[in-house]
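Quick one: the structure is below, and I'll ask about it shortly.
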Amino acid sequence: MDTLSNYLLISSILFSLGLFGVVTRRNGVAVLMGVELILNAANLNFLAFARFGGMNMSGQVYALFVIVLAAAEAAVALAIIINIFNNFNTINIDDVSELKQ
Amino acid sequence: MITGNFTTDACLLILFLPLLAFVINIFFGKRLPRQGDWVSIGAILITLVLALSLFVEMLSNWNYKFSHEVYFSWIDLGAFKIDLGFWVDNITIVMLLVVSLISSMTHIFSLEYMKGDVRYNRYYAYLGLFTFSMNGIVLANNLMSLYIFWELVGVSSYLLIGHWFEKHSAADASKKAFLTNRVGDIGFFIGIMIMFTAIGSFNFQQLFDGVSNELISGSLLTLAGLGLFMGAVGKSSQFPLHIWLPDAMEGPTPVSALMHAATMVAAGVYLTVRLFPLFTVDALTIIAYVGGFTAIFAATIAITQNDIKKVLAYSTVSQLGYMVLAVGVGNYVAAFFHLLTHAMFKACLFYGSGSVIHAMHHSLHDMHDHDTDPQDMRNMGGFKSKMPVTSMTMTIATLAIAGVPLFSGFLSKDAILAGTLSFVQSNPEHWILALFGFSAAAITAFYMFRLIFMTFYGSPRMPKVFDGIHESPKVMTYPLVVLAGLSFFIFYTVPYFNPFKDYGWFTKLIKAGNSAVPGNPTAKEIYDGVHYAHDAAMMLSLLVAALGIGLSYFMYYRKSLSAEAWSKRAGFLYNLSLNKYYFDENYNKFLYQPFLRLSRAVAYVDWDLYDKYFINGFGYVTKILSKITGRLDFDGLDQTLVDGIGRSAQGAGKNLKTMQTGRLQNYMLFALIGVIIILVVQIT
Amino acid sequence: MDHLLSWIIWLPVIGMGVIAFIPRDRSVLIKQIAAIVSGVQLILAIYLWYVFDASNGNLQFMERVEWIPSFNITYILGVDGLSLPMVFLMALIGFIGIFVSWNVTNAVKGYFSLFLLLNTGVMGVFLALDFFLFYIFWEVMLLPMYFLIGMWGGPQREYAAIKFFIYTLAGSVLMLIAVLALYFTCGNTFDMLLLMERAPIALNGMLWWGMSAIKVIWVLLFIGFAIKVPVFPFHTWLPLAHVEAPTAISVILAGVLLKLGVYGMLRINYTMLPDGVFWFAGALAVLGLINVIWGAMCALAQKDLKKLVAYSSVNHMGYTLLGMAAVIAAAEMNGANLISAQAGLGGAVFQMFNHGTISAMLFILVGVIYDRAHHRDIEGFGGLASQMPIYTAFVAVAFFAGLGLPGFSGFVSEAMIFIGAFPVFKTVVIISTLGILLNAAYFLWAFQRMFFGPANEKYNELPEINSREVLTLVPLAVITLVLGVYPRPFLDLVAATLNVLIDSVVSFGGLAAGM
Amino acid sequence: MADFAFWLIAALTLGSALMVVSSKSLLYSAYSLLFTFIGVTGLYVFLWADFLAVVQVVVYVGGILVLIIFGIMLTNKISSVNISHTSVQKGVGALVVLGFVSALGLMVYSTPWIQLPNSEPAETTKLIGNLLMMDYLLPFEAASFLLLGALIGATTLSRKDY
C-alpha cells in the first residue's frame, strides 16, 4: 500500500470522477463539486510526491495553497451561482446563454 | 565720341538713337510734354544729320572702294563663334541716308496726321523701333545680324500696321504681314544654315570668299541663294508672298509711306543687292522671273483698284518687282538705284495720298458722314484747285514713277530696262523678261496717271465733300515738297547734267562688284551689255511711258475712251484684276483653312483620341485588368479556393453542428478526447 | 562658404520646418517666411554663379559624404555649367513663384510647405551626383507636385494630379530599372562620376536577351526622362497638368520641371551611354521635329489660353531635343564638325534656360488674366489691349519672346539649335523650320483674338495688372531681353562644360561598332 | 491492518466521489462529497501530512462543503431539489473519462517512479510554518490577498442589487 503508484492511481481516479462531474453535470453547484474533487486529486498528488518523491515540505505547502485557492474559488463560484440564480432564476448552466449568438 | 572712328561712331548713333527714342517713348512718352514726339523727332533729325554727314564724307572721299568693318564677339563657344558688326560701304551710306530721310519725313508728317491719336506716344515709339531695325539691316555685316534686324523690322511693321488694332481689318493685316514675312524667313533661314554649314561663317566678306573658293557650289549654292532670296520675296512682297502688302495699308498712311517706300520692302531688295555675289546664274534667273512676273502681275491689279492707297500698294509691289528683276538680270546697281529713286517718289506719293485722305477725312468728319470711304478715288476729283501743293508734288512724283525724262524714275527705270534688254539679248530664250519689264512700265504709267486724273482733275464727284476739302497744313506739305524735289534727276547725277544719262555721283561711287560665284558673268561683261543696250532701252521705255500716259489721258482726263465700256468688254479679266486674282480667297481656301482644320484635327487626335483612348486606355486597361485580377482573386482564389476550404469546413461544421452545442461541457469533453489522444500517442 | 550646394538644397526644408511651427491662421507670416527662404536661396544661387569658375568644365564645389556604405550609396553633390543655370533658374522661379502664389488663401501653410519641398526636390536633382540620391530627389519632387496640383488646382485637379503622378511614376520605374542595371553592371556603385568612367567600358558589347545592353538602358532612361520633357508620345499629361495646376505650379512645372528630363538625358545618357547617343540621335532629332510641329499645331487649335501655352512648351522643348541630337556632328565619322556640335548642344542648354524664363512669364500672364476674368477662353476676350495696355505689353513681350523674335533669348537658342543640327539632320531641320512660322502663327493669332478688335464692354471693369504681378514678370523679361541681346554671359558660363560633354560623347564614338 | 485501512479509506473516497458525480439528488451529492473529503483526509494521514489533514477537515468540510450546501439551499426551492439535478452526455462522458483514467493509470504504472526510501514520519506543522514564513512568504502573502479579494468579490457579487 505504501507505494507512490497507489496514491497516484487513486488520485487519477478521483480526478477522472471530478472531471466526469464537470463534464456531465448541468447544475452549476454540481459542477463546482466536480471541481472540488479535481482539486482534491491534485492535492493528493502533491502530498504523495511530498512523501515519496522528495518534494518534502514544499509539497505540503503547495497543497496548503491549493486548499486556500479552493476555498476562494468556492466562495466566488457560489457567489456567481447565486447571482445567476437571481438573474435567470435557474442555475442550470445550459440555460445561461445570454452571450450565445 | 565712342570709338574715335567717325564712321563707326556715326553708325552707332544712327543705329541706336531711334532705339533710345523708342525706349523713352514707350516707357515715359505718356508723361512727357506733347507725348514725347519731340524726342523721336529730335533723335531722327540727329540721325539724318549724321547720315548726311556720312554722305558728304563719302562724296568728298570719292572712293568707290570705300569699306569699313567693325564687329564684336556675340557668341563664342570655342569652335562656334558668331561676330556681329557693321559693314559700311557706299551702298550702306546711301541707304542710311534714304532711311533717315524718309523716316524723318514720316516723323514730321505724322505730327499733323496722327494728331490726337489715342496712342500717339506709342506710334512715335514704334517709328523709332522701325527705323532702328531698318538701319540695323542696312548696317549688318553678316547674315545673323541681318536676320535679327530683319525679324525686328517684321515685328515693328506688325506693331505699326496694327496700330489701330480696334479695327479687325488692321489686326488681321498686321498678323498677315508678320506671318507672310515669316514664310519668307523660313527660306531665308534655311539659306543661312546652308551657307553656314558650308562656309562656317555668317560674315558677308567671308561668305563671298568661301563661294569664290568653291567651298560651296553648284545646285547647293543655287538652293542657298534661293533660300536667301525667299527672305527677300517675303519682305519685298514678291509673288507669291505679295498678299500682305496691300493689306498693310490698314496702318496709318505715313507708316505706309515709310514701310513701303523706303524701309521694309526695300530691305528685301537691299538683301539681294548685298548678297548678289552669292547668287548663281540659275538662282539669278529664277530671281529675275519672280521679279519680272511680280512687276507685271501687280501692275495689272493696280489698274482696276479704286482705293487710292491700294493703287499705290500694288504699284509698290510692281516697282519692287522691277528692282528684283534688275538684280536677277545681274544689273544690281540699277536695282539699288531704283530703290533709291523709288524711295523718294513713292514716299511722296504716299504722303500725297495721306494728305488727300486727311483732307477727305476731315471733310467727311465735318459732314458727320462716316459711311463714305475717304480713300476711294471714286469719291474724289478736281482736288487740284483745293490742294495745289499736294496735287503738284504728287504729279511730279507720278511723272517720276512713270519714267518721264528729267525725273529720277526715268534714269533708274531706264537702267533696269537696259539691263533686262541686255540680258535678253545675250539669253534670247528669256525674252519674256523684257516683255514683262516694258509692259509693266506702260501699265505703271497708265494707272499712275489714272490716279492723278481721278483725284485731282475732272469735276468733283461728291461736291459736298469737295466743299470741305482744304490743303493740308505745312508740316504735311513740306515733306511732300522735299520729296517731290528729290524726284528730279539732278540730285542723282551731280556733278554732271544730262537728263538722259544716269551718269553722276551714283554711278561713280557705287560700282557693281564681281559675282563671287566662279563662272558667273563679270561686272564688266554686264556693264558692257547694259551700255550696249542702253539707247534702245531708252527709246522703248519712252515709248511705253508715252503710251501709258496717253491712254490714261484719253480715258480719264478727256474721257474720250470710256473706262466703263472697256472694263465691261474685258469683264472676266477686269474682275480678275479687281479681285487681285483671288489670291487671298484661294490662299484662305486652300492653305489657311485646310491647315487650321488639320491643326484642329491634330489637336483632336492628340487630346480626344490619343490621350483619351490610348493613354487613358492604359489606365482603363489597367483598371480592367485589375478588375479581372480582382475578380480572379476574389471569385477564383478567395471565393473558390480559400472560401472553398471555409465552405467545406462550414459544411462539415453543419454536419458537426451537434458538437457545436454552445455548451462548455461539450467542448471540454472534446478537449479531453484530445488529451487522451495525446496521452495515448505519448505513451505508445 | 562651405557646403554651399547643401545649403541651397536644404534651405527650403529648413523653411518648411519653420513654417510648421507657425499657426495656420498667420498666413502672411507664412508667405513672408517662404519668400525670405527662397530669397536667401536665390542669393546663394547668384553667389554660386559668381564664384563658379566658368573656365573649368568639370564639376565644382563637390561634397561627398558616406551615406549608406553597405550599398555604396554616397551623398555627392557638385555643380558644373550644365546644372548651374538650372539651379539659378529654379532659385529664381521658386522665388518668383512665392509671389505668384501670394493670393493663395486655401490651406496656406500646407501650400507653402509643399512648395518649399518641391524646391528642395528639384534642386537636389540638379545637384545630386549619386544616382541613388538623384533618384530619391526625383521622387521627392513628385510628391509635393501631386498634392499641389491635386489640392490647389482647377476643377479637374484630382484627375490631372493622378495622371501626372502615374505618368511620371511610370517613367521613374523605368529609370529605376536602368539605375539598378547600371549599378550591377558597373561594379556596384551609384557614384555618377565612377559610372561615367566605367559604364561605357563595362557595357560595351554586352548583350541582354540578344539586345545591346547600352540600347536597353538608354531606352529605359530615355523614356523615364522623355516623360518629363515631355517628348512626343509621352506628352499628354502636360496640357492637363498645366491647365489644372495653380498658376505658380504651372510656372514651376513649365519653367523648371520640364528641364529635368533634358538635364537628365544630358547628365546621364550622354555621359554614361555615349554609344547610345550615336545610336539614338536620329530618333531624337525626329522626335524633336514631331514635338515642334505637333505641339505647334495643337497649340494653334486651342481655345483655352493655358492649354495653348502648355502646348507651346511641347513645341519649344522639341527644339531642345533637336539641338541635343546635333552633338554627334562632332564625331569623326560625321566630319568632326565641332562647330555644329557646340552650336546644337549649346543651343539646347540655352533653350532649356530660355524656355524656363519665357514659359514662366507666359504662365504668370495666363494666371493674371484668369484671376480677373475667371476664364481663359481665347475667343471670350477681344479688345483687351485698350482696357489693359500694360498687361497687353507684357503679353506682347512674352509672346514675341515665345515665337523666337530676335532680341529675345529664345531666338538665339533656336537659331543655334537649327544651325547646329542642320549639317547632320538636314531634312529634319528644314521641316522643323516650319516651326518658326507656326510658333508665330499660334501666338499672334491668340494675341489678335484676345487683345485686338473692338473693346469688349464686359471687361471694362477689369483691373489692370498690379505691381506685385509686374514685379514677378520684370526679372524674367529682363533676363530674356538681356540674354537675347547679348547671350555671352550665359554661353560663356556653359561653354567649358559643353566641350567636356562633347568630348566625353565623342571620345567613345569609336566604340559604337561594339554595340 | 494498515493495508486494510488504506484500501478501505481509498474505497470510501472513490465510492463517495462516484456518488457525488452520479447521484440524482443534489443534496445527496453534497453529502457524498463530505465522505470524499473525509476519505481524502484519511489518505493525507497515510501520507504523513497531519497538519494538512486537519486543514482539509477544517476548510473543506467546515467551510467549502457548508458553503456548497448553503448554495444549494439558496438556489433551489426545497420542493424542487431533485429537478434540476440532471446530467448530460453521460454515456460519452463516461466513455471518455474511462479512457482518460485508463490512460492515466497506464501511465502511472508504466512510469518508473523514483521512490525515496521510507523515512519516519515527523512533525510537519513547524516545518510548514517555517517554510511559509521564509521560503514561501511571497506566495503566502499573495494567497492572503487572494482570499481577501475573493471575500470582497463574493460579497459584492452576492448582493441583490448587483
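For reference, chains read A, B, C and D in written order, and residue numbers begin at 1 within each chain.
Following the convention adopted for this analysis, contacts are C-beta pairs under 8 Å (C-beta built on N, C-alpha and C of every residue); 3 or more make two chains touch, one makes a residue touch a chain.
Values in this document were obtained by computation on a predicted structure and should not be read as measured data.
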Chain separated most widely from chain D, comparing mean CA positions: B
Between B-C and B-D, the pair joined by more C-beta contacts: B-C
Distance between the centres, which are taken as Cα means, of chain D and chain B, whole angstrom: 120
Mean-CA-position distance for chain D and chain C (Å): 88
Distance between chain centroids, defined by C-alpha means - chain B, chain C (Å): 34
Chain centre separation (chain A, chain C; CA means) in Å: 83
Sequence positions of chain A contacting 2 or more other chains: 19, 23-25, 94
Residue list for chain D, restricted to those that touch at least two other chains: 88-89, 93, 96-97, 100, 104
Sequence positions of chain B contacting 2 or more other chains: 663, 665, 669, 672
Contacting chain pairs - touch in the sense defined above: A-B, A-D, B-C, B-D
Complex contact set, residues of chain D against chain A: 2-3, 6-7, 10, 13-14, 17-18, 20-21, 26, 29-30, 33, 36-37, 40, 43-44, 46-49, 51-52, 55-56, 59-60, 63-64, 67-68, 70-72, 74-76, 84-90, 93-94, 96-98, 100-101, 104-105, 108-109, 113-116, 118, 124, 127-128, 131-132, 135-136, 139, 143, 146-147, 149-151, 153-158, 160, 162
Residue ranges of chain D in contact with chain B within the complex: 88-89, 92-93, 96-97, 99-100, 103-104, 106-107, 110
Chain B to chain A touching residues, read off their complex: 662-665, 668-669, 672
Residues of chain B defined as touching chain C within the complex: 73-80, 118, 144, 147-152, 155, 158, 162, 165-168, 170-172, 174-175, 178-179, 182-183, 185-186, 189-190, 192-194, 196-197, 200, 596, 598-600, 602-604, 606-607, 610-611, 615, 619
Of all residues in chain A, those that touch chain B in their complex: 19, 22-25, 93-94, 97, 100
